[in-house]
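Two complexes come next, and they have one chain in common, subunit A, joined by subunit B in the first and subunit C in the second.
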Partner chain A sequence: MSQDAYLRIEGLTKAYGATTAVQDVNIEVSRGEMIVLLGPSGCGKTTTLRLVAGFVEATRGRILVEGEDYAALPPYRREMGMVFQSYALFPHLTVAQNITFGLRMRKLPKAEIARRLDEVLEMVKLTPMADRYPRQLSGGQQQRVALSRALAIRPKVLLLDEPLSNLDANLRQSVAREIRQLQKAAGLTALMVTHDQDEAMTMADRLVLMSEGKVQQIGSQEELYEQPLNPFVARFIGHSNLVAGELVDADTFRLPGGAVLKLAGRYTQRGPHTLALRPERVRLHGPADDAPPRATVQVEDATYVGGHVDYLLGFAGGGSLALHEPTGASGSARRATGETVTITWDGLSERLFGSDDAAVAAQAA
Partner chain B sequence: MTKRRPEGLTATLLIGPATMVVLLSLVLPLALLARYSMNRYDRRTFMVEAFTPENYLRFVTDPFYTGVLWTTFSIAIVTTLLCLILGFPVAYKLARSQSRWKSIGVLLVILPLFIGSTVRALGWMGVLGRGGIVDAIYGALGGSGISLLNSSFAVALGILSINLPYMILTLQSVIEGIDARVEEAADSLGASPPRRFWHVVLPLALPGIGTGGILVFILAMNAYATPFLLGGARFQMMAPMLYREFAVNNNWPFAAAIAFILMLTTLTLTAASSLLVQRRYRAH
Partner chain C sequence: MAKGSGSAAIQANGAQLSARLIVGALMVVAIALMTVPLLMTAYMSVFADGVVTFPPSGYTLSWYGKLAEFPKFGQALGTSLKVAAAATLLSLLIGVPASIALVRLSFPGRGLLNVLLLSPLTVPGVVIGLGLYVLLVEVEIRSELPLTGSDGVLILAHLLITTPWVVRLCVANLIQLDRSIEEAAANLGAPPGRVLWSVTLPMMRQGIVAAALFAFIVSFENIEMTLFLISPGTITFPISVLQYLEYRFDPLVASVVVVQTAVIALLLLAIDRYVKLSKVV
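Up next is the complex of A and B:
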């Protein structure tokens, strides 16, 4: 455990009666880092954020900022800037009054308040809107007011709960970039929640993937993508194929229906396993292919979606696999439904998980 | 293309019946009352056709009557303010509660409304009167024979107890309309609970405070049974006095004038206060 973590969440647990919304969450955040909490609906992302903000009291666990335990601090003393999904702007205050609210609560000198207001307005390009009321703004503008209101207090940690979910798809990307730039420029430590994978990938320094209140994996984009720790991570990040079966010898993976896949790894652990395979790492095996064929399958469906052809392949005796073939890459024509094809993939693109969901190590042949 | 029904016509059709009811049940009696208030009173023939302002003049020039108006106004203002101060915390708690006891709480607030004001005043008489509960406690402590009845205190207490539920229910619905996230935003921006209340909750609840205040104020200005039963013979408020002029003294013209003065005072104050609220709230 590193000693220099700026924000440290230790064993954080929140139970609502019988349901445990957040269970034993441990996260360490360095100064200036942007951590994105990712996971399916109801997995406890918002609750984690609200625990950090102090809006809900933890059942167990600690939240430390620069080594100081925040458990006893009420939210108004925590100096965490929160951006709400619904923005939660003060409807009775103008843009300028919204942004300076935190500064006025801190009783900063008037000149300082005015200076920071101008600075923040400039930053988010809202200067002409200063005297408007929230209801006179577009969704995107309201979002920026919410952001600048949180930035103006120069928070210890910036907390963002799905800040982009109320924006249309076009705006989302540019605002995401804008938030990321502002956060980097200000050197802010930030905790953001989203259930949108692309958003998480583009904005995070590191990702925390959660499911059912528990952290499944913490790591960089590459780590979560290339080395998922369990089938859930493999499935959630990049929609891996998950195929259940049994390892009958070091290289042979047999499906319940009898179909067989050849693995190039030397796996020592026998027994029931789950094989995870990325659709874009599998390819149709051609005559000129160096790699040996790994399995024989039947085309069940082929859909042209522009950048690639989306194949659904079936194993004899049951089980299926998705495969994405880039259009124009191999030059091969689109295969017809019902055609029997062989598939392959490079090296150790597959990942094997044991019955305990833990990854099974492979020694390359 | 089908011809569209003019919007104005639809609106007229929809509003028409209600307008007729209001016209017949409100405007006509009022017009009649206004006419009566200009008539002259005669001891033997009672009401004499005339067109004189003397009833109004009698009211405004006699310190007794203006005193009664002032008492009524004072009681109404005091009870309205007390309703607000006592009702707000309850309304806030109810509005923000997520407990399953919430509906029980709301029911407890509504329950007193099932009991009429006369019955409730009688109840207070049992509490405050000689031989009542307060007297019994006082007696047990060594004192003897006190009655809190026939006082402005008793009347204010009675009106307060009747009006409080209206205030709480009005405020509760308005507070429920305030996004709880907005309060959390204030929290996260460093506003302590009192400052959050002052800078966020209060301004956002202002329309509700206005509505609830006006409702309760009008009820208090027109209170009849409570001042009649708890105030006794010497404590005068407008509604009981009006009744006495009308039914006991048979002075319809003067009673009509009193009714108009009460109504106009209430209307003027209500309009003024709602203007005030609107001005503070115009931004919204």
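Up next is the complex of A and C:
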């Protein structure tokens, strides 16, 4: 818990009657950092953003910017620039009038308004469009107007609600890069909401993964991918095989059907656990492999998908596992359906979760 | 097999064709129903005979020259325009804020208010007119104020039938406006009053114009309720036509109606220049 966080969200909770949309959310954001709130629909990420913007009143909790609590202020006093999913441009105002709306509300001197307008128009390359109406612009241009309208007020925090979801797929990447560049150049602290994992991975300094109103994990892309704190994170970020079974001794994991896996780590816990394995970290065991074989499986299906072969492997007695083998490099022939093979993986690639869904650490081998 | 599917395709084509024919025929009938009475009126207004007979003995435009002879033509048209304009304005002042409150706020009794604002649409005008008349007479007897037949009472009564239209059209308009546009204004620093004035109302422009138009026409053409509330001195335009027809049936009344229709049509065209009516109605 650093004391010098620029934006701190503390114990933020929103309840609608008996249902809790957002429950005890705690996030610390450094100055200039881009935090992406990620999660399936209905996970509370949008409500969290709207709580920060002030459109939704918090049931409990604080929203501190540089130590000052904003939770009780109405939205028009919060100085948070928001980019809406629908862009929410004023249809009856021109591009220039849209961008200067916030500046006029602040009663800035005319010269200052004109200067800032030129500045942001230049920044998003919309100077020739200044006198057009939103309906005369393309989706990408409208998005840039929405962004520059939020930037023009020099917000304390930039809020982005699914900013790319209304754009064509081929525009998304370039707009994502543009938003990121502008945010970095302005040194803006930003909170973004998305349901799209790739988008989150590309844009974020750090990610906040939410589910059912609660924060599941906060961390860098690597942390969420390599060290998921619970099975939900392991499943949501990338792909994971989640295999239920039992730890019978320090390195033996037994499936309900009787198949036995030799784990890479040593564990003191016993009893029911869930094993998480990334399909691309599991490999077919060859004679030259350093790691010992960890399980014997049968090929149930093998699909060539270009970059890798997508194997579906079955354990004797039930249970299955996906394995992605990169094509080309190994030169290994594709295994036939029905063939019995051995598989292996390295120590850091496996992750065990207890029956309470908390990650279980391996002892140093 | 191929033959079977071929004949099936022909049958399907045939069904499509006859469906199109039926729709086309229905459209012709509908358009005829709407335009024939208008065209007939315009046709009758140029008959030369003093009593409308068919076929006419000749044609003349002289009836249009005698418009001023139509009893109370100026007074009736003036009263109608005045009452319609005032009722429209007042119902906008009531209906626009009411519809914003109905759509954007939640408060106890919201459903009830909604029903109350729309309910006059469900009561026949004759019933409202009679009810108001009885009430007015009672009040008049007790207060000794000359209420029946005054323009003020007529305007208030017309509010009853114009306000539901304003509320209905403005509510429909507001519901389809993107709420986040108002949130964006607040986010950029606009307090609620400013959001309303600078964003919500300008975005409602089309709905408000449509509402004003409906309110004006509903008031202007009302007969059944108005009948109970006028005095012999001041009558509205539709009632003057009705009264004229009780005694006479000459082309003058047709020419009067043609002039009135033309005035309203011109009004619509003028509004259409500013707001595309096909978009709002």
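Throughout what follows, the second predicted complex is superposed on the first by the 364 of 365 C-alpha atoms of A that agree within 3 Å, B and C clash if a C-alpha of one lies under 4 Å from a C-alpha of the other, contacts with A are read in each partner's own complex, and residues count from 1 in each chain.
Basically, a residue touches a chain if its C-beta (ideal position, glycine included) is under 8 Å from a C-beta of that chain, and two chains touch if they have at least 3 such contacts.
Worth saying up front: this structure is predicted, and the values here are computed from it rather than measured.
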With subunit A superposed, do subunit B and subunit C clash or fit?
-> clash
State whether A:Tyr225 touches subunit B only (first), subunit C only (second), both chains, or neither.
-> neither
Touched partner set for A:Arg149, first subunit B, second subunit C, both or neither | both
Which holds for A:Tyr133: it touches subunit B only (first), subunit C only (second), both, or neither?
-> first
Report for A:Tyr6: first if it touches subunit B alone, second if subunit C alone, otherwise both or neither.
-> neither
Interface residues of subunit A shared by subunit B and subunit C, listed 53-55, 74-82, 84, 86, 88-92, 101-102, 105-106, 149-150, 153
Over in the complex, which subunit C residues touch subunit A? Could you list them?
-> 178, 180-181, 183-192, 194, 198-199, 202-203, 205
Counting only contacts in the complex, subunit A reaches subunit C at residues 53-55, 74-82, 84-86, 88-92, 101-102, 105-106, 149-150, 153
Using the touch definition up top, name the residues of subunit B that touch subunit A in the complex.
-> 179, 181-182, 184-193, 195-196, 199-200, 203-204, 281, 283-284
What part of subunit A is in contact with subunit B in the complex they form?
-> 53-55, 74-82, 84, 86, 88-92, 94, 101-102, 105-106, 133, 149-150, 153, 159
